[in-house]
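In the two assemblies presented below, chain A is common to both, partnered first by chain B and then by chain C.
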Partner chain A sequence: MLSLTIDGNKVEAEAGWSLLDTARQNGIEIPTLCYHEAVEPFGACRLCVVELRQGNNSRLVASCVYPAEQGLDVYTASEKVNNVRRWILEMLLSECPASSEIREMAAQYGVQTTRFEISDPEQECILCGLCVRACAQVVGANAISTVGRGAQKEIGSPYLTPGDDCVACGTCVTVCPTGAMSARFERVRGVPSVVMARSVKR
Partner chain B sequence: MANECKIGVFLCECGRRIAPLVDLSQLKEQLEGDPLIGYVGVEPFSCLAPGMASIKKAIADNGLDRVVIAGCEARVMLSKFEHELAASGLEAGQIDIVNLRGHVAQVSDQSPEEKAAKGFKLIKAVAAGLEALSPTAHEKVEFTGPAMILGGGIATYSAAQELSRRGIECIAAVSTDEWEDEIRMLHEHYPGERHYYDRLEAIMKEVDASPLVRRITVGELTSLAGRTGGYHVTFSDPMGGPPRVYEVGAVIAALDGQMLNQGSNFGHDGRNVICHTEAEEMLWTLGAPEGKVVFWLNDYEAGHPEYCYLSSRAAWSMARYMRERSPLTKVTMLYNHQMAVPLSAGERAASRKLGINWVPYDGALRPTVQSGFVTYCDPEDHLEHEMPWDKLILSPRRSVGHEATKVAHILGLEHEEGAFLEEHKQRVRPEQVGRDEAYLAGSARYPCDLHEALRQGRRAAVKTAEMVAKATAGELFAPRMVCVVDQSKCIGCGLCKEICDCGGIEPVEGPGGNIPRHVDPMVCTGGGTCAAACPYHALTIQNNTTSQREARVSTLSKALNPDEVVAFGCAWGGLAAADNAGVKGMAYDPRLYMLRVSCIGQLDPSVLARAFLEGANSLLLIGCPPEDCHHSYGLDHTWSRVNLMKKLLALCGFDRRRIALAHADLNRPEEYIKTVNSFITTMAELGPIERTLENQEKLAGLYATVNSPRVRWVLGATLRRPWEEVYPGNQRNALAFDRDMMGVVSEEFIKARVANLLKEQARPFQLRELAAALHEDEKPLMDSLREMVGEGVVGRMHKDGVAHYVMR
Partner chain C sequence: MQATAKDTAELRLGSLEELEKLRGELRAAEDPNHTRIIVCHGTGCIANGSAGVTEALKAALAAAGEDIAVMPGIKTTGCHGFCSRGPLVIIKPKNIFYQQVKPGDAEEIVQKTIKAGEMVESLLYEHPQTGEKIETTEDIPFYAGQQRVVLANIGQIDPTKIDDALRAGAYAGAAKALTNMEPKQVIEAVINSGLRGRGGAGFPTGIKWNLAAKHEGGQKYVLCNADEGDPGAFMDRSVMEGDPHAVVEGMIIGGYAIGADTGYVYVRAEYPLAIKHLEKALRDARAYGLLGENILGSGFNFDIRINRGAGAFVCGEETALMRSVEGKVGEPVPRPPYPSDKGLFGKPSVLNNVETWANVSRILDKGADWFAGLGTEKSKGTKVFALVGKVNNVGLVEVPMGIKLREIVMEIGGGVPGSDHFKAVQTGGPSGGCLPWQDADLPVDFDSLIAAGSMMGSGGMIVMDDRDCMVDVAKYFLGFLEEESCGKCFPCRLGVPRLRETLNRFSKGQGTVEDIDDLYSLAEAIKAGSLCALGGTAPNAVLSTLRYFRDEYETHILEHRCPAGVCKDLITYSIDPEVCTGCRACARACPQNAITGEKKKPHTIDESLCIRCGMCFESCKFGAVQVQ
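Entry: the complex of A and B
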């Protein structure tokens, strides 16, 4: 048993639990986007940051991947943490302004507008890769991945055409934190058009 | 149910997404008061490490062997729980999930107490299903004997090469011992592949030299029996001796399709107007012809534009061969301008250098063959031109071929008469099926060139090798939820095989009728429409049986209020749509109680009947979109079953609308909500079924009717695929067929009720008494009684000159 404090409360944890696990077990809410219980944590969205204080030092870590350690002093909603979350949400607002989930979450932190440039007002996807991990780890189909690099990166099946690997189970749609997968799903499932054999069939 | 089991229920708080919305303390109290439930725990998050640890502890402390998690989506979370709790001795099937968050907490504005009550009913139903489970042992699959490559296709060699490279012994059943002969005859199936012969020869030599490959020349394949890991393959002896039987672990079919010549409508005469195979034969025997050779790529005109790529590649290869060997030959390629010329930049340059002329034509005006000319329309200026020829070479017609069809039939690869063998791949999760495809390679699968055929052979070999390696390591297990046949009940009618596409259902030995079936657990996907169709309940999905579904639905039906609705949701359609509606927090009528099935087709009519018998007033089945079934036509088959139920409900005097089939796209939860709300509104108008003795008697008759082999037989014969136009008995008239069906159903309905009554009362009845007890006319009763006496089900004796009937 490890003992640590979260937001001033003494809590206990087992070795191997993450800070997020420990906080949730004790009824402390930490917002997440790229995290889902069904898959391994990934630490992509950084929304789950918490502050670790040690004397006069303090640092921020992603609670979903940071393991619980003996004697940690964790703050999940300090000014420093909230400031970072506001920054992240403001950036996400410019990245995917069309997602109502992101707008709601930003509003909770008092972020209504973004100072960053909005390149695609229709964008909903935050590219956290949760759908990709769910497809690989939950379903085992490995039908989708991120396609392209940098600014062109997006989620889809190889060559952005429906492939044989997708079993159309919709796990990606269900886990998507922003509702973006709903539209992308239509391009992933479906009868592949490239295989000539398909045109032979009825 | 006699199963000794201890069921634990774990309620998730899920942050604030379940706990304050559902009164978990009330729910816990209710569950603890239930004799079915052995343990109840409440976890902040069951799915996280702390929750999982506490569940494992509760399982160990309380000796739980069944677990219900009341949390979120089974589709997403079940595999994690199965994986984590395997260490606690729980196998797939012993864990079930109720989507308390997505189906109860997030989708209505009910009070926490009402939601707790709804959750209780759902959890109890699921627990009853677990109680009815008799878990089977984990079935290990082992490979005995080498792999066999049969069918004689050219992919035999690439498959054998790959297998021997991977150190797996194999037997290659071929028609000739000499590989030179194979190459000599290859153009019969793959014309225009000369550029590939060197590579093919190298493969053949390697196979020839490999000590792991045994080549045998055999006659026709006569039967295949067994299952993945242990097959008996029988061939006739080419010299007329006794049949030869081989015991092998795996079978790869290498089957080449057939090339046919064009008909006389294209002027084909076999001498001057020829097809690709004849052109190749000419190159072998006479060499390149002199004079004007025209390749007319007539695939568009022959009705198969999709083959023009293959034809034009083969034609290009032959054209190049001719020009390189005979400078006197003038070669022209005449092609439909809709077609893209399939040459790379280098090949275009080569084509120009060799003077091969590519001439497009406008297919709107069909080219016509005349002696010495083909007329064609220029797409640029729309003038009709004439192209002179000495040899006109047409594209071939491609078909699966007689030989390949025969072999495919025995191997169970044929799914539609005359069609290529490429399978309708069952789109299920990898964990649901042991093998992901039939191991089939060659152009009988779908038209392809030599390169593709060899690639398919290698791929089949790789898959086989991976499976063998896994089996050798002792890690190859059959999926847990697959169909099994009770051999003592199976009469070998073959209905299951006819309606299920998975290819796992096979006769126990050899082809033919009246032979009991068995199921290859590595091929079955556990869809279960076959099990729901079996007239004798001989087929069941193990660990996911019809009796479990009956237990679930009857527990739920007993618990529901009169205005509440039982629903079944298919994991690919209805259930997934409901899950997604829950994720989005879309509200809909909370009177819907959805049970999970992995395919709507696995709902046996007896499950549907059981719901009404046990108190349900309405039943909604929500499958996946039409033509989109992930197993074998589940929605279409369910349509037939719902149709039967509607007929029976009408016979009972109830509204036919009380059962309905719907479909939902998982990505359109709003459509799903419309379906649910509309159905519940209609049901609210209808009101509940009056539970009088008379009505209960009729419903018991309904339940017995759907379990009658005769009705199930007739129903089974109506399980149609959407494109079938002829009804059973060769009836084309839908109405006439429906009347026949109705006749059978109403007869059996009366018989079932008579039998129920006589069994229950166990005393002789007069016709008059029966008619009064069943509220039926004497005439149809008399007809049924006569039949039942004839069948020996009912005994007739006379007392005071009046016939009395008694159950035998």
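Entry: the complex of A and C
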């Protein structure tokens, strides 16, 4: 057993647990978007960041991928942490304004509106990659992938060429945190070439 | 040299003694006082036609043949760092320095300098301030202020000939390490030297090695980061082109120290000459038994493979680089696990930069104490910089750590054209920031640069003058990073474009002072929240320019003016009728035909047609075109 502090309270963790595991085992809530028990953690959305303090130093780490270590001093809702979460959520409001899940989560952090331009009012996909990882790691079908880089990134079939790898199992829909996948599942199921959420929209 | 299997066996050096014996023979076979002509064949000079100069010199020598007592040799080398003056020809042993040489000059060089021992005045370097002609390399201010450790052999040796590298001392450090030192002692030497990584973050190299070495036994790897993605940077390319053996030797030493039998060089595919020279170096080193099984009879096996990167900037990040070598998508992954525990193919691995590896060779050859005597308390040794922008001497320079910014720019760089100061110096590439003239006396070392809001980075140094707009500069670097972000993590993928958009509005004179406060807050979130250092350092361009040039931002927002005259939406071009001679140069240059006027009478610009391209400004020889 490892012992550490989270938000000032002493907690225990088993070796191999992440900070997120440790927090949840101890009833402490940390928001996540790209995390799902069924797949390997990815560390992409950064909503789960927590602050590690050591003397005068402090830094943020993603709790879903950072291992619990003996003696860590962890803060799950400090100003530094919340600043990151608020900005991500406000930017997501403009990126994927159609997602009610994102709107609800943003509201919890006091973010009701976004100052940024909305380019596609119907967009729901946040590009967390959960669908891709579930399809690869749980189903083993590898029918979908992220294509493109940076701001051009989207979800599509590998190399954007139609393939017939989708077995229409719906796992991607189950893991999708925003409903982006379910709204388009009919299209996915009917067509063997999986051309999905974000690329269909764009 | 086309070594067959049989030759290879004969060439193999079985021990330290055999290596030193060969080195002795090679040195004895070459008279240092012999006249030799060196022609720079770095990428820059080749682009300027140095291959033609070499051919012409050969022809001129052949033609003069009978008359020349001892036929001088011609040697082609890597970059001398002064590409803006290329093609360069140096005559040894005196080091006579000829610049901007054309094939047509070959005859005169041979007749005058080689035969008669006289200077060709027209090819000599002219001091930018005094106009005085300078004869030898050592006296040119660009070289006089430098201290060459990493670049010591570049420009001296033919990088395609291992014998030439051996003459200059190559593999002495590796030989010493493998035959006389325990791996632990090698790591100790690197720790004691104080060497810190040259790829950006300045992590202590020996300590990094120790972390990988402590995993006993099993497969391990060393890697060389030659991705060099910073715009305008060419330090690592020059090292690989001009002295590839220094990198190979460093990696042998690193492999021995941590217990790795395989090394990878991850080099961008856009560097064909560097790859060619590296491949040749690897073949030659194998032939001599400096790579492969039982190197120099030490029992240590090691070899190196080259991996061509597709050129994505983010693939220079260590975890992304390793994924890319594994054949996976080149995206960063969270640390821990650190590469020293689980790196390439999940095995303990050490990644160092090209320049770091080259320094390792020197340290093992000349000793940790020697190296620790260079530079400052916490930043030992030298650093190579690519000095570019508004500076008289554009080029590659190597200086001791701790040198003042002013010395690099105003002395080695020969100052700023048309000004007695710089406005800002951008260091650290896209991850770095801008330092103002007030910081001209800042010592250039890892920690001072970070404290000043910039960073060492891999060694880009862009000099800016009063015609460079700081809002525009920040916008440029953010635009670059927006393009290069892998898009995996949200703060970087979403945040960097938002920073750039805000700056875009500023450059149009829109926005409020509150927007500046928001910039700080968003920048903080991106820095703290991003997965890798691309996002983690992306806001530096904005933060450092805001720190030193906030008034310039405010002038854009509040007065709707761009003081540097760069932001197109905020400037107007006009012609001063007092100065204009009516030469019509501007009218001819204007792509919009916005400039009218009679010959020899003052001209005017029609603002409604003007697209603010600045062509008129560039074309006017009389300085009559004004920007406001």
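Rule of thumb we're sticking to: the second predicted complex is superposed on the first by the 175 of 202 C-alpha atoms of A that agree within 3 Å, B and C clash if a C-alpha of one lies under 4 Å from a C-alpha of the other, contacts with A are read in each partner's own complex, and residues count from 1 in each chain.
Going forward, a residue touches a chain if its C-beta (ideal position, glycine included) is under 8 Å from a C-beta of that chain, and two chains touch if they have at least 3 such contacts.
The shown structure was predicted, so the numbers you read here are calculated from the model rather than taken from an experiment.
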Consider chain A as the common anchor and indicate whether chain B and chain C clash or fit when overlaid.
fit
Using the superposition on chain A described above, determine whether A:D164 touches chain B (first), chain C (second), both, or neither.
first
Identify the partner contact of A:W17: answer first if only chain B is touched, second if only chain C is, both if each is, neither if none is.
first
Once the shared chain is lined up, is A:M91 touching chain B (first), chain C (second), both, or neither of them?
second
After the superposition on A, what does A:V65 contact: first (chain B), second (chain C), both or neither?
second
With the superposition applied, I'd like the minimum CA-CA separation between chain B and chain C in Å.
17
Going by the contact rule set out above, which residues of chain A touch chain C in the complex?
42-47, 49, 59-60, 62, 65-67, 80, 83-84, 86-88, 91-92, 95, 115-117, 126-127, 129, 146, 148-153
In the complex, go through chain B and note every residue touching chain A.
15-16, 44-45, 47-51, 53, 73, 75-77, 79-80, 306, 309, 416, 419-420, 422, 424-425, 427-431, 445-448, 571-572, 576, 579-580, 583-584, 628, 630, 666-667, 723
Would you tell me which residues of chain C are touching chain A in their complex?
312, 333-334, 336, 482-491, 493-495, 497-498, 501, 518, 521-522, 524-526, 528-531
Interface residues, chain A side, partner chain B - complex
13-14, 16-18, 20-22, 24-27, 29, 36-38, 134, 138-141, 164, 166-171, 173-175, 179, 182, 185-186, 196-197, 199-202
